[in-house]
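Per-chain numbering from 1; labels A, B, C and D assigned in written order.
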Amino acid sequence: MSNTQVTLIQIDNYGPWTVTPAPRREVDLQTMQSRLFADLSQHFGMQGGYAFFTRFDNMVAITNGMDLEDHARIQESVRNRYPVTVSFGVGHDERPARALVEATAQLQDEGSAQDEQRTEVLRGQPIEDDERTDSDVQIAHYDVVDATGKYTDELDAFSTFIQIEQGYASLMRHLHDEHGSLAFFVGGDNIIALTSGMDDAAFEETVTYVREDADVELQVGVGHGATAHDAGMAAKHGLETCRERGTHIEGEFC
Amino acid sequence: MSNTQVTLIQIDNYGPWTVTPAPRREVDLQTMQSRLFADLSQHFGMQGGYAFFTRFDNMVAITNGMDLEDHARIQESVRNRYPVTVSFGVGHDERPARALVEATAQLQDEGSAQDEQRTEVLRGQPIEDDERTDSDVQIAHYDVVDATGKYTDELDAFSTFIQIEQGYASLMRHLHDEHGSLAFFVGGDNIIALTSGMDDAAFEETVTYVREDADVELQVGVGHGATAHDAGMAAKHGLETCRERGTHIEGEFC
Amino acid sequence: MSNTQVTLIQIDNYGPWTVTPAPRREVDLQTMQSRLFADLSQHFGMQGGYAFFTRFDNMVAITNGMDLEDHARIQESVRNRYPVTVSFGVGHDERPARALVEATAQLQDEGSAQDEQRTEVLRGQPIEDDERTDSDVQIAHYDVVDATGKYTDELDAFSTFIQIEQGYASLMRHLHDEHGSLAFFVGGDNIIALTSGMDDAAFEETVTYVREDADVELQVGVGHGATAHDAGMAAKHGLETCRERGTHIEGEFC
Amino acid sequence: MSNTQVTLIQIDNYGPWTVTPAPRREVDLQTMQSRLFADLSQHFGMQGGYAFFTRFDNMVAITNGMDLEDHARIQESVRNRYPVTVSFGVGHDERPARALVEATAQLQDEGSAQDEQRTEVLRGQPIEDDERTDSDVQIAHYDVVDATGKYTDELDAFSTFIQIEQGYASLMRHLHDEHGSLAFFVGGDNIIALTSGMDDAAFEETVTYVREDADVELQVGVGHGATAHDAGMAAKHGLETCRERGTHIEGEFC
């Protein structure tokens, strides 16, 4: 069974900041928040983690192998280089969705996301080193079958985007509600899902669901590992195998 | 009536690049593409434009006031600093959705997004200077009523995200199909829509639609101007007025 | 005769900030200040200007063609994305060195660089549009003859660096004191000088001076134009000609 | 005695790249290389190291505690996000200058810095874990006494810069030639030197030398530690003590 460690990243009191003393230029906000995400992606990534932009003011990272001190170092780096600060809540659980519930509670217990006194929270319980295993993280990397041929080169850019977006909205809700999993759109036609203990039939079910619910044809590679990077790279290779073989699901299942 | 100029930004042959010679690290791809977007946001923003990350490999910008030479300069800057290049297709129309159809066609006419020979396309017809007016761009800035109080501080982070995401998926499809408009999620609980000639009743209809379809309560500020920045800043002020007055729709309508 | 417009960029109250409440991590300061410079380089560069990192807390830009509003826009973008703010003083003169004296005075008149009340100063007199000419900016691009063959591939990295550094220290002082010019190290073995009305013999004199004073052999391409970019690109082409022909000085002289 | 591990970072075949197929825009080169340095500063910094921009095409890092695999991960990240690649040579020695000689040799043995076949070299011998001690790195952090009061607020910006630059040129050569040490300008009026086994009298001598040679008054904080960060932070605190007490040299000496 998986044991996923996730970190909820929240920009402190961000909403009010964006309109104080007057609404700030949208392009500057876009630049600031996407660069902050880019940095976090590198910081977590250097230790085997993954970060997802999610809502940008609330981001999620897979952080198996990282302790609170590792998190504190990133918090300090953000404080020294950005006009905003970040809070981190850490949780872990067999089910990724429950791990994030726990991580969220760590922050909510300290106050509102828009409480200007609540800054740089760092709370939660990373997995102990001696409890870690080589299959703690299961990642499923989905993409749309022949997205370029069927959509990008055929439809206008927004119609393509609508298809991708509806497929993602369908999959992310379904994976969460039915499988306790967390799915993140990562650009292009790619969705990376943090799953747990799902087998071949379970993944088949998700592909079928999205086909019927949103009329989007997905394929998926699945991998596991001690860290997000290990699991994610295995999943990418699974997806490559799907492309080569014309199959829909390839990979390692627990 | 509006006259929106949009630019479709496409990373050339990006899909194949991400897996050649083997799948590249996800965290590096995330960093690279979000920084590229951040730079484009500044580049277009310095001339009054807006850029949206959309799918990251395909981005959309509002570029009223910018000619092909301005675009070429950005293209050159990307080539000099990134491992990838970008193509630009430019279109304009009363209806934002049709402008993007035109912009997309400019690129599709030159070949596939995954044709390795098709690089740095720069095509399209910017609006002539003497045809520009002070109300060419209409922008509607939506957000979720009391998102922090109702969602962020109450639900776990992913359940909140699901709500925001379903609201966006609903709005973006509806605005496109029924109003010829383009809506982009820009982080937090914010959606910026490039609209055209919509009046108070039309915006009311969109808010009602999303409430019924996705059970998400939106408010919206509307502005127009000669550029995305001018229109967008007016829309932001409209949204501030919504927050102060507890209203759902504020702004300037054509 | 040239008419150079320069902008002095000063990070407000930066020294105290770096040690408040305690010394900040050096690597974060390095990252923050070099990214700030990188952004300024793009911002000024998009309008034909050049920015030089100089001391990083004090930077210098060539800004012919940019007015105070253009500067204000950059100031706003920095404020929205960094933990620090910047002040700009603008000056212009036939002699680059005197232009920078004027630009510096604009800031000093408003208070100390470490006065925490003195933030986001924006003062000075850009050149009027109708006074601009196609030869306002003269740029000389120097590099070291066969630096790779003679130094980088032969000496250890620091011994090479000492040579380059001594050459730069010699040239920058000499050009300033004797020619009213401003020379900036821009990486590798490259030095970009903002000069004025220097002819072939004057450049010859500088090359001879550095050979004798620091035992470093330079070559130089010279160009002029309405903006830093135009002049600088002509200078680069001059330097390419030096390399091809084995000459020491090539370019356009006033 | 110290045991400093240094890494020479070289952008592969960079000179030719900057002029192929024609000279590239200077502002883009400035942005690209300063951002690359900024990233490396974070990458090495996250593991306790320091990176110095030096010549930008050749950079130097203090990397005690990092092995070749850590270096390879950074190399991969650069390749995935930049239009250039980097080579790393690693060396260690009691004397920092000799460590860099060794690191340089690792790269020179593989070919010229402008050999287009010689890319992503990764060679050298990191210090074995069981040979590391808590005082392997000695760092001296110099700055100019009252630089703001005496220079920045009094002289024009370039005259101030000349003073700082001459002081640095003097110190870096002297420390290298007489003490086997490596000194790097890090912005403002700050110089960070990687030293070895220097005592109070030796630092006194360097301050006296620069006062007489370049007429610049320095003060210096000294620290040591297992990593650059540990040593550097101790040195910063030493410098703070100098400021408080009006002394010239404070810190820990071996």
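The rule is short, and it goes like this: contacts are C-beta pairs under 8 Å (C-beta built on N, C-alpha and C of every residue); 3 or more make two chains touch, one makes a residue touch a chain.
If you want to know which protein each chain is, UniProt gives these names: A, B, C, D = GTP cyclohydrolase III.
What you see is a predicted model; the values in this text were computed from it and never measured.
J.: Looking at CA centres, what chain is most distant from chain A?
T.: Greatest centre separation from chain A goes to chain C.
J.: Please state whether A-B or A-D has more C-beta contact pairs across its interface.
T.: Result: the pair with more contacts is A-B.
J.: Same or different: at the chain C/chain D interface, is the fraction of residue numbers used by both copies above or below half?
T.: same
J.: Starting from the mean Cα coordinates of chain A and chain C, work out the distance between those two points in Å.
T.: 43
J.: What is the distance, in whole Å, between the centres of chain A and chain B, each centre taken as the mean of its C-alpha atoms?
T.: It comes to 22 Å between the two C-alpha centres.
J.: Where the CA atoms of chain A average out and where those of chain D average out, how many Å apart are those spots?
T.: From the centre of chain A to the centre of chain D is 37 Å.
J.: Show the residues in chain B shared as contacts by 2 or more other chains, in ascending order.
T.: 25, 28-29, 31, 35, 39, 42, 45, 77
J.: In their complex, what parts of chain A are in touch with chain B?
T.: Residues 8, 14-15, 18-19, 23, 25-31, 33-35, 37-39, 41-42, 44-45, 49-51, 53-58, 60, 97, 100-101, 103-105, 108, 112-114, 148, 152-153, 155-162, 164-166, 168-169, 172-173, 176, 182, 186-189, 192, 229, 232-233, 236-237, 239-240.
J.: Which of the residues in chain C come into contact with chain A in the complex?
T.: Counting only chain C, the residues touching chain A are 24-25, 28-29, 31-32, 35, 76-77, 79-83.
J.: Provide the residue numbers of chain D that touch chain A in the complex, in ascending order.
T.: 39, 42-43, 45-46, 73, 77
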